[in-house]
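Here the structure comes first, spelled out in structure tokens, and everything after it is commentary.
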Amino acid sequence: MASAEQPKPGLPTGKLNKAGLMSFLSAQGILVFFLLGMIVFSFFSEQFLSQSNIMTVVRQASIIGIIAVGVTVVIIGGNLDLSVGSMLSFSTVLVVDLHDKIGPTNAILLMFALTLMIGAVNGFLIGFLRLNSLIVTLAMLSAIQGLVLIYSGGQNVDIANQEGTWFAFFGRGYLGGIAVPILIFGLLAILVQIVMSRTGYGRRIFAVGGNPMAAVYSGIRKNWCVFSTYLISAFCVACAALVLGSRVMGSQNNVGQGYELLVLAGIILGGTSLLGGAGSIWKTVIGVLILGFIQNGLLLMGYPYYTQWIVTWVIIILAVWLDLANKRKRLLTTHS
Amino acid sequence: MLKKTIITASMLAVSVTAAQADTYRIGITQNNVGVDSYQTTYESAFEDAAEEAGNVDIVVLDAGGDVARQIGQMQDLIQQQVDAIIIWPTNGQAVIPAIRQAHQAGIPVVVTNSKIAEAGLDFIAAFSGPDNVQQGISSAEMMCDALDGEGQIVQISGQPGYTTAIERATGFEERLAEACPGVELLETQPGNWNRERAQRVMEDFLTKYDRIDGVYAGDDNMGVGALNAAKGADRADEIIFIGATNFAVGYDAIERGEYYGSIYQSPVDDAEAALQTALDVLAGEDVPKMNFFETPKITAENLGEFDRPVF
Amino acid sequence: MNPSQENHSQDSHSQDSHSQDSHSQDSHSQDNLAHGGAQKRQPIDAQPVLQLKGITKRFPGVVALNNVDFDVRPGEVHALLGENGAGKSTLMKVLAGKHQANEGKIILGGEEMAFENPKHAKRAGVVLIHQEQSLVSEMTVAENIFLGSLPKKPGNRVDWRKLREDTEKILATLKCGFQHDDLVGSLSIAKKQMVEIGRALVFTPRVVVFDEPTASLTDHEKPVLYDVIDSLCQQGVGIVYISHRMDEIFHLSHRISVLRDGEYTGTVNTADTNEDEVTRMMIGRSLELDHASKPGEFGETMLEVRNLSVKRVFEDVSFNVRKGEIVGMYGLVGAGRSEVAETIFGLRTPSAGEVVLDGEVVQFRSAHDAVVSGVALVPEDRKDQGLILGMNCRDNMTLASLSGVSSMGFMKSGEERAVYDKYHQAMKIKTPSWRQKVGNLSGGNQQKIVIGKWLNTHPKLLILDEPTRGIDVGSKSEIHTLVKDLAKSGYAVLVISSEMPEVLGLSNRIIAMYDGRVTAEFDGDSVSEDELVQAITGMAGSSPPKAQAG
Amino acid sequence: MTSLKGFFRGKTSIQPIWIFVIAIFIFFSFMSEYFLSLGNITNILVQTSTIGLIALGMTLVMINGNIDLSVGATLGLAASLAVGLQEISMTLAILAALGSGMLLGAINGLIVWKTGVNAFIVTLGAMLGVRGLIFLYTGEESFYSMNFAFSDFGASTIGPIPVLAIIFLLCTLVMHLVLTRTGHGRNTFAVGGNPEASIDAGIRLGRHMMINFIIVGFFAALAGVLLASQMGAATPNLGRDYELWTITAVVLGGTKLTGGFGSITGTLGGVLAIGILRNGMNLMQVPAFYVLVILGAILISVLIIDKKLNAPSTKEVRI
């Protein structure tokens, strides 16, 4: 800890423009990557920047994106959620299975209710019992996967009449020429971004993530705040399940396996720190899109699918170093 | 001594059948139950078949797709000295040493559904399952017929590194090149037996290639995912879809005329054949090494001959 | 205003017996304190063991130190003073190898040195004892003392026997009541401080820097520290002593140097100067605690605490606070003062007793309930409990009153700014902009933000726990004035402090606590220092409180 | 402090996880006739040795205040190298495998050290990337060892005890000594417990971080080589999800995620707890679906109990 009287770097003292530019670069380094990558890909593949391809990528990214919006809130609140993958399996299997049994409306309502209940269990264990979120959600990852399998008996679930149900709207529909999954993703991102940046609730979440102790000493109900972030996360998962179930019109029991890590990778690429108290939804949106475009771009260029993982790794390392280099540069320029 | 007292103390847990001489105790370690309906249906069919056979006591284990865990389960079964082991290999090569250990312990091993590598054949009593290479060949022939020997196609394969996926792809690719050189295989990407993943792969294919005449998917689950994607892009009509392991969704799609054909493969047949093979081996019968059960082509023409799959 | 140390140190039965020995050895130090500045130490005439010449240190955008000179002679205590932000800590970090100077020379024992890291400096004989405690709580005392320099056998194996022997030697010189294998996490703050000092003794030190060593010690625990410093001096070690407390500085030091805004303003012999002069050197004006300006008109009782207990923490605590009144709560660290405040604030569940606020019995289940009912607590630990360091000034300021600056859950940024501007001006908070992260502010300004945060909740009762800990003299007096003004405007104020001048200067009434109990209640204007010291060291149990107010 | 709490705390405490291990051991002994036999117990040891070996390294990394999510992928890469390079030379293959693990550990350590970025982020990237490297190297194929001596080693025993179990126990002992007796081990605690203080005390933070990441990389690679020798083969998907089980085992063993506290003996208990549970439930024929739920529920219960035991009730502020 720096003592109180040590002058802090980065105080604006003049040369505002230059400092402003540098800090912009360091904050938006990931955007630079994003644009560079888009340019490189568009050189190698004609279709890459076509409108239909971009729409495809964004639509594909929207499921991860919708979940990432919720997980970002959990992370800003100072915790992690690794259970979203299993939860996605759970919700998708549930809504698809119930669709034919109790009708789409009831299925959707019940699915949302049960998903939120699982979120509430996470929230209770982490918010009120104050257990470590990493381990709790890891345990829930396993437990929920088991629940899905017990529920379905291990069978795939399908919607019999795929043509004749309005349920198809969420995953396959278009509204004003834009795919509905993209609309849901966009709306949710904007909504949550507004909540986080413009409401007292959002401020409280930032405070709880930034310094839980001080938040409590300021009269903020920390436990409730943490609890609520898991409800938001669960709500987002339920939305994603709606899109996924409707898109595939069926589900396997492990459909969400591995999503938790892709979601985290997207959030990390966006540049949100995992320490809590900082981050934003729009960063996450960018990160998820980067992930989607890497995957799509490499595929269009004819590389095998696993190259995207290597590229993601390299980008994370580069982003981390770039951030560091920017900080260094700031130090060096003022020294001389 | 301690062991003895504990055994007497735990009488409850001891199965009654162990006392009977002519009852066989057969252990099965499956690949990954719950990952898709085929495997789940297989498991329940196996349990039903064992019940029907009467004199069989089964130990059902699931490796969850993890090779290391399957090896551990093999060791556990050897440790329990079951009479025979049925294994659905998570990997055709990595399980061989474990099979060899069972072999050395005098426990016959029956491999089910998915073959193991050549080197392991000496250690197994028999293989029972579909002929996946033949399935690939059949699919290639269907593709040829459907396209009249001309066209551009893509392939969505199963889990990378998994024997079934490799065999189907190999059979398909070799036969296709041989039977109709006019059909060009543009690209192969894995769909990991996952419908959503296959759907995504197909969406990318559709963007990348302006003309796709046919899709071969490693199973119907993925094939239907590809069909979904093509429908979304309004290109389903111009594309021939061919799969394998006919699922109920695939069966319905054939019925609707959206899907050209598939390979009919019943998990119930698969499970029953595996148990029967094991029982034959235990009965001392002379069992051939390779036991393939029938996996016929299924298209709109002969759809009526088959029941709708239960999975 | 010098607290009398003489009485309690002689009669203290709570203290370890060996510290008694050390007191008799160094009784002159006690005399010094008791008689204020009467026997200030004369400067030692010797060649400096350490010289800093023309040290300049720049941080991005800031010149933290500009051409600073400083030296220490063997066997002397050289006090370094300056307001927060003046550059004291930075200078010491340069000296100890944590920072490297951009310009200037460090000369140790006639040799020019360039310390690349703290270990390097330590090996050369320069040791820094930190303001913040830098111990590893899951490790033993011995491992902490030898942190980074554990004795080794071949193969990087730790030589436990040697470690134990060496540690025991050091503990013997420190005369403290803990063992080499105690876990540091289980020790009291004062004992932890001793472990820190123990570290300085590992290498034969030539210069030891104490950075605010008494910040977390009570008056009662300080003499042990003074004795250690004296014995170091006798061994010819040069001491640099950084503190905000004038009484300590005048008691201990031979010379005083002052920094202001990163510049060296001068060095004086302690014997030739007084507090006024030093204060002027520090802040360019003189300053006095104004006892006359205490609030004088009290309204009805706002807070009444009746027989409040929390098991194993404190017991049977009763007192009251009236509107317009400042009640001081004085006691040693660990006497249960902060815990009483936290219980009133809903952070702890009382096992017995009740809290009456504004005529109503209240049972808070959380701090939130307390805030809603009009209780405000400025907590003891600013950085951990008071502020979100990564948030900006404005957001911290409105954190406790979010519903007041929002409608339908949405923040009204105009009102937020208005709140910030109001307290920014009222309390003269020095920050370039509301966007500044509070982590970048000095301690005094940080504390003002915390106070502003609570004033904006318009509380009925304001509790301040150690409101001026680690804050420079200038800000301190501003905060004192502020607190008194608040009380005069009708707030009921409870101030918890370990500093006697603060308690005496602010309070209308003083509640003394010792070992989880209220031992006495005094009138703030007429109580003597001796009485207070007796009350907080457990000796006043038999004697009746001098004045019962309320 | 109640006497029960005293039992679990202080200098001569018993780690709660060992009570749990003993409890489930007795439970399964009664519930399954096959459980309590030398063969089964050595089976458990062999089966846990993979996760166990990684957990040894992970304990150090976590005490150090970091985490490594890339161990599963590292294991997979090492296994592929150990089998894939055998055509050239067995020795070379094994050295290359172990070397790859140490190199990946060093890369992780270097990035965490130099950038100060959360190890979770850095190693999550590595987890994806290294898995990609495996697929790139193997071309998605499984590798098969032509050399039966390799797989014979994996199945060999000394007396009645499998060699793999002996290697695991020996490594456990060595790491216990490293952690408790060496300067590096003690400094690992110091760095995790209070990084600032450690820097001030002249401890080279980066060096210890690097060493610990290299150690965990080495153990992941060693586990990979030994697993490959058990199978005589390597598959590209090998080691998937192992990082999660490893972390679970280490946390069950009482190591704090925040660093500064933990022990190898605890980790051994955590690893055995998971191994015994899996083995015992297999023997009892608990359906696979329920095993997942039971493991999750037990993990959460242990966390809750641990919290209750460690919470100094009234001394703590209610937050």
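Which chain is which? They are A, B, C and D, in the order written, and residues in each are numbered from 1.
In the analysis below, a contact is a pair of C-beta atoms (placed from the backbone, for glycine too) under 8 Å apart; a residue touches a chain by one contact, two chains touch by 3 or more.
Chain labels with UniProt names: A = Ribose ABC transporter permease; B = Sugar transporter; D = Autoinducer 2 import system permease protein LsrD.
Just so it is clear, the model here is predicted, and its values are computed rather than measured.
Engineer: Can you give the shortest number of steps from chain B (Sugar transporter) to chain D, where adjacent chains in the path must touch?
Structural biologist: Contact-graph shortest path, chain B (Sugar transporter) to chain D, evaluates to 1.
Engineer: Pick the pair with more C-beta contacts: C-D or A-C?
Structural biologist: When A-C is set beside C-D, the one with more contacts is A-C.
Engineer: What is the distance in Å between the mean C-alpha positions of chain A and chain C?
Structural biologist: Whole-Å distance between the two chain centres: 44.
Engineer: When the C-alpha atoms of chain B (Sugar transporter) and chain C are each averaged to a single point, how far apart are the two points in Å?
Structural biologist: 72
Engineer: So what's the Cα centroid distance for chain A and chain D, whole Å?
Structural biologist: The separation of the two C-alpha centroids amounts to 29 Å.
Engineer: Mark out which residues of chain D touch at least two other chains, giving numbers and ranges.
Structural biologist: Correct list: 135, 140, 196, 288-289, 317, 319.
Engineer: For chain B (Sugar transporter), what residues touch not just one other chain but two or more?
Structural biologist: As it turns out, chain B (Sugar transporter) has residues touching two or more other chains at 33-34, 190.
Engineer: Please output the residue numbers of chain C that touch at least 2 other chains, ranges allowed.
Structural biologist: Counting only residues that touch two or more other chains, chain C contributes 132, 347, 366.
Engineer: Can you name every pair of chains that touch?
Structural biologist: A-B, A-C, A-D, B-D, C-D
Engineer: Chain D touches which residues of chain B (Sugar transporter) in the complex?
Structural biologist: 2-3, 6-7, 9-10, 13-14, 33-34, 59-62, 64-69, 71-73, 75-76, 79-80, 90-98, 100-101, 117, 119, 159-161, 190
Engineer: With touch defined as at the start, can you tell me which chain C residues reach chain D in the complex?
Structural biologist: 98, 117-120, 122, 128, 130, 132, 134-139, 143, 147-150, 152, 155-158, 181, 199, 310-313, 342, 346-349, 351, 366
Engineer: Using the touch rule from the top, collect the residues of chain D that touch chain B (Sugar transporter) in their complex.
Structural biologist: Interface residues on the chain D side: 29-34, 36-37, 39-40, 43, 46-47, 50, 135, 138, 140-144, 151, 154-155, 227, 230-238, 240-241, 278-279, 282-285, 287-289.
Engineer: Which stretch or stretches of chain A touch chain C in the complex?
Structural biologist: For this pair, the touching residues of chain A are 1, 3-14, 198-201, 203-204, 206-207, 210-211, 213-221, 277-278, 330-331, 333-335.
Engineer: Using the touch definition up top, name the residues of chain B (Sugar transporter) that touch chain A in the complex.
Structural biologist: It is residues 33-37, 39-41, 43, 187, 189-190, 194-196, 199-201, 203-204, 206-208, 221, 224-225, 228, 232, 247-249, 252, 311 of chain B (Sugar transporter) that touch chain A.
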